[in-house]
Amino acid sequence: MSLLAVRDLAVARGGLRAVEGVSFSLDPGGALVLRGPNGIGKTTLLRTLAGLQPAVAGVIEAAPDAIAYAGHSDGLKPALTVTENLRFWSEIFGGPDIAAALEAMNLRELAARPAHALSAGQKRRLGLARLMVTGRPVWLLDEPTVSLDRASVALFAAMLRAHLGRGGAAVIATHIELGLPEAEILELGPYRARETRRESRPAGFNEAFG
Amino acid sequence: MSIWEYANPVKFMRTSGAILPWVVAGAALCTVAGLVWGFLTPEDYKQGSTVKIIFLHVPAALMAINIWLMMLVTSLIWLIRRHHVSALAAKAAAPVGAVMTLIALITGAIWGQPMWGTWWEWDPRLTSFLILFLFYLGYMALWEAVENADSAADLTGVLCLVGSVFALLSRYAVNFWNQGLHQGASLSLAPGERMAAVYRYPLYLTMAGFFLLFLALLLIRTRTEIRRRRLAALLARENRA
Amino acid sequence: MRALLIRDLRLATRAGGGFGLALAFFLIVCTLVPFGVGPEGGTLSRIAPGILWVGALLSCLLSLDRIFALDFEDGSLDLLATAPLPLEGAVAIKALAHWLVTGLPLALSAPVFALLLHLPGPAYPWLVASLILGTPALSMLGAFGAAVTVGLRRGGLLLSLLVLPLYVPTLIFGAEAVRRGAAGADPVAPLVFLAAITLATLALAPFAAAAALRVNLR
């Protein structure tokens, strides 16, 4: 039983298909690393998988409430403390207690500090710790290691391995080697959408009039 | 052969291009003939020559409301069936509707001055038209403000829906607020209230003229919008390559 | 749901949250009007119902763009949209939070401002009642406008242009109730209409607002 299965998926950005024909399936413990040049549509693909935008074609199969998304911004409120920020997302997602998450990303000393007083790397760590309190099995990570130092990257890799070890799964857009030996790599280059007239529904105005 | 085939831009361009000259000719003929005929009608025993402004005022007011209804229908078609030409037609109609509303308001003011002794009166009908004008402005401003065409079409569609509900609601709320001076509907079906035939027939003609005028402007503007979208699509494609 | 409400209230009341700005703006409006129309008590008391309602409406408008803009910028809205909470529910809760920090304080403090404008005595209970019944619709419609304009540059100005025409029915019935109260007439009919508009808005606007948010998140 796979956690996330994608068949013949096409996603669009700015009314034009970006990548098409993408298929993969993730079993518990599986990780998929998305690679490809800037602008090919890694973020768009992840946002489509997260349900933030509709797929142009293809099928996404996932259990309801299985997916946790972490984009470029961390969803933190500067006026709230680290604990308050984490607890809020834990309550919204009905996830587990925040202690383990604080521990995993080494945030315990910062727990009472307001988020506006954190450095960029510390904010990022808090944003990644949020994934743990969602209690969801499939993590979609968009460049998760941006602004992390080497020690924090190692911390994050350990958290990710623990998540996979517990039967979770992850789709990661990154160019950094995270030390996940079992991770599959999906090179998106060959899936770049081609210029052909299609019979199917256009992705947007730019395709309908192109 | 289904009506939905005209949702295809290529098909729409071909058909609209073919009928456009006829619509323009019909609009010019009906409007000019109706206005000249209307100008030659005898003076009203009560309102004098000022009654003749009715031949501009009533058709413009009629179109102002009907254009909004047409935008509501095309917005619904876009939101439900995702026909791109439909969304563009709604966009193309809005400025025409706004100008029709403005014509109705201005001619109303010019007519109201000698009749009621004031350029502006917070009468329910006038007030409703002013509110309708504000809705047109908001709708057009939203189209301008959103850069992504797909988002703009969706957002303005939702706005048109919500706006229609509130425009209707305002119409009745305004009635509650002030009973007003404005005469009843100009073309009532109740027998005793009908206006004399000398005025009625030229009025029908100008109404047909304004409708054809709107159709001509709508076709021209929709064709422009389609060309503009085509240009944007080609540029987007070039930037991607 | 409770967590979201508590967080929004906490953010609004902490430093930089802008709590109280609406009240201050309301005070300024009520101070400026006598400078504009003259200090004569009779004139003021005649226009007080309208000024109080228009002032409350404009004060409400001030903080509307904050309903979604901050959450959109810091990515919280993406996360809320993927949360188990339906987006319609999140919209309703955020509108409720907006009402609790602007509409409700405005309604409760309106009698003080009414004093400044010589509102006739019998109208006071109707002023508070009409504001309590009407301002939830202002917040909910404002949330719709904020959802449509979130992420736009110069969204604030456009927000006012879109939202103010939607406020017309609420304003008409709200001010009419106060006017009738001031004149000693029966204000129940406009209050019933006002309540009907508010209830219908609360029931339907979250769906329109959530639809607009989904479009803006893609």
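As written, the chain order gives the labels A, B and C, with residue 1 at the start of each chain.
Criterion: a residue touches a chain if its C-beta (ideal position, glycine included) is under 8 Å from a C-beta of that chain, and two chains touch if they have at least 3 such contacts.
What you see is a predicted model, and the numbers here were worked out from it, not measured in a lab.
What is the touch distance from chain A to chain C, in steps?
1
When A-B is set beside B-C, which has more C-beta pairs in contact?
B-C
Can you tell me which chain is nearest the middle of the complex, judged by mean CA position?
C
Report the chain whose mean Cα position is at the greatest distance from that of chain A.
B
Find the geometric centre of each of chain A and chain C from their Cα atoms only, then give the gap between the two centres in Å, rounded to an integer.
Averaging C-alpha atoms per chain gives centres 37 Å apart.
How many angstrom between the C-alpha centroids of chain B and chain A?
A distance of 48 Å separates the two centres.
Per the centroid of Cα atoms for each chain, what is the distance between chain B and chain C, given in Å?
Centre-to-centre distance between chain B and chain C: 32 Å.
Using the touch rule from the top of the page, what residues of chain C touch 2 or more other chains?
218
Show me the residue ranges of chain B that touch chain C in the complex, using the header's touch definition.
Per the stated touch rule, the residues are 131, 134-135, 137-138, 141-142, 145-146, 151, 154-155, 158-159, 161-163, 166-167, 169-170, 173-174, 176-177.
Looking at the complex, which residues from chain A come into contact with chain B?
Residues 14-16, 195, 201-202, 204-210.
Note which residues of chain B are touching chain A in the complex, please.
The contact residues of chain B facing chain A are 9, 82, 84, 148-150, 153, 226, 229-230, 232-234, 236-237, 240.
Would you pull the chain C residues touching chain A in the complex into a rising list?
2-4, 7, 10-11, 14-17, 73-76, 78-85, 217-218
Once bound in the complex, which stretches of chain A touch chain C?
By the definition above, chain A touches chain C via 47, 50-54, 65, 67-69, 71-77, 79-80, 84, 88-89, 91-94, 130.
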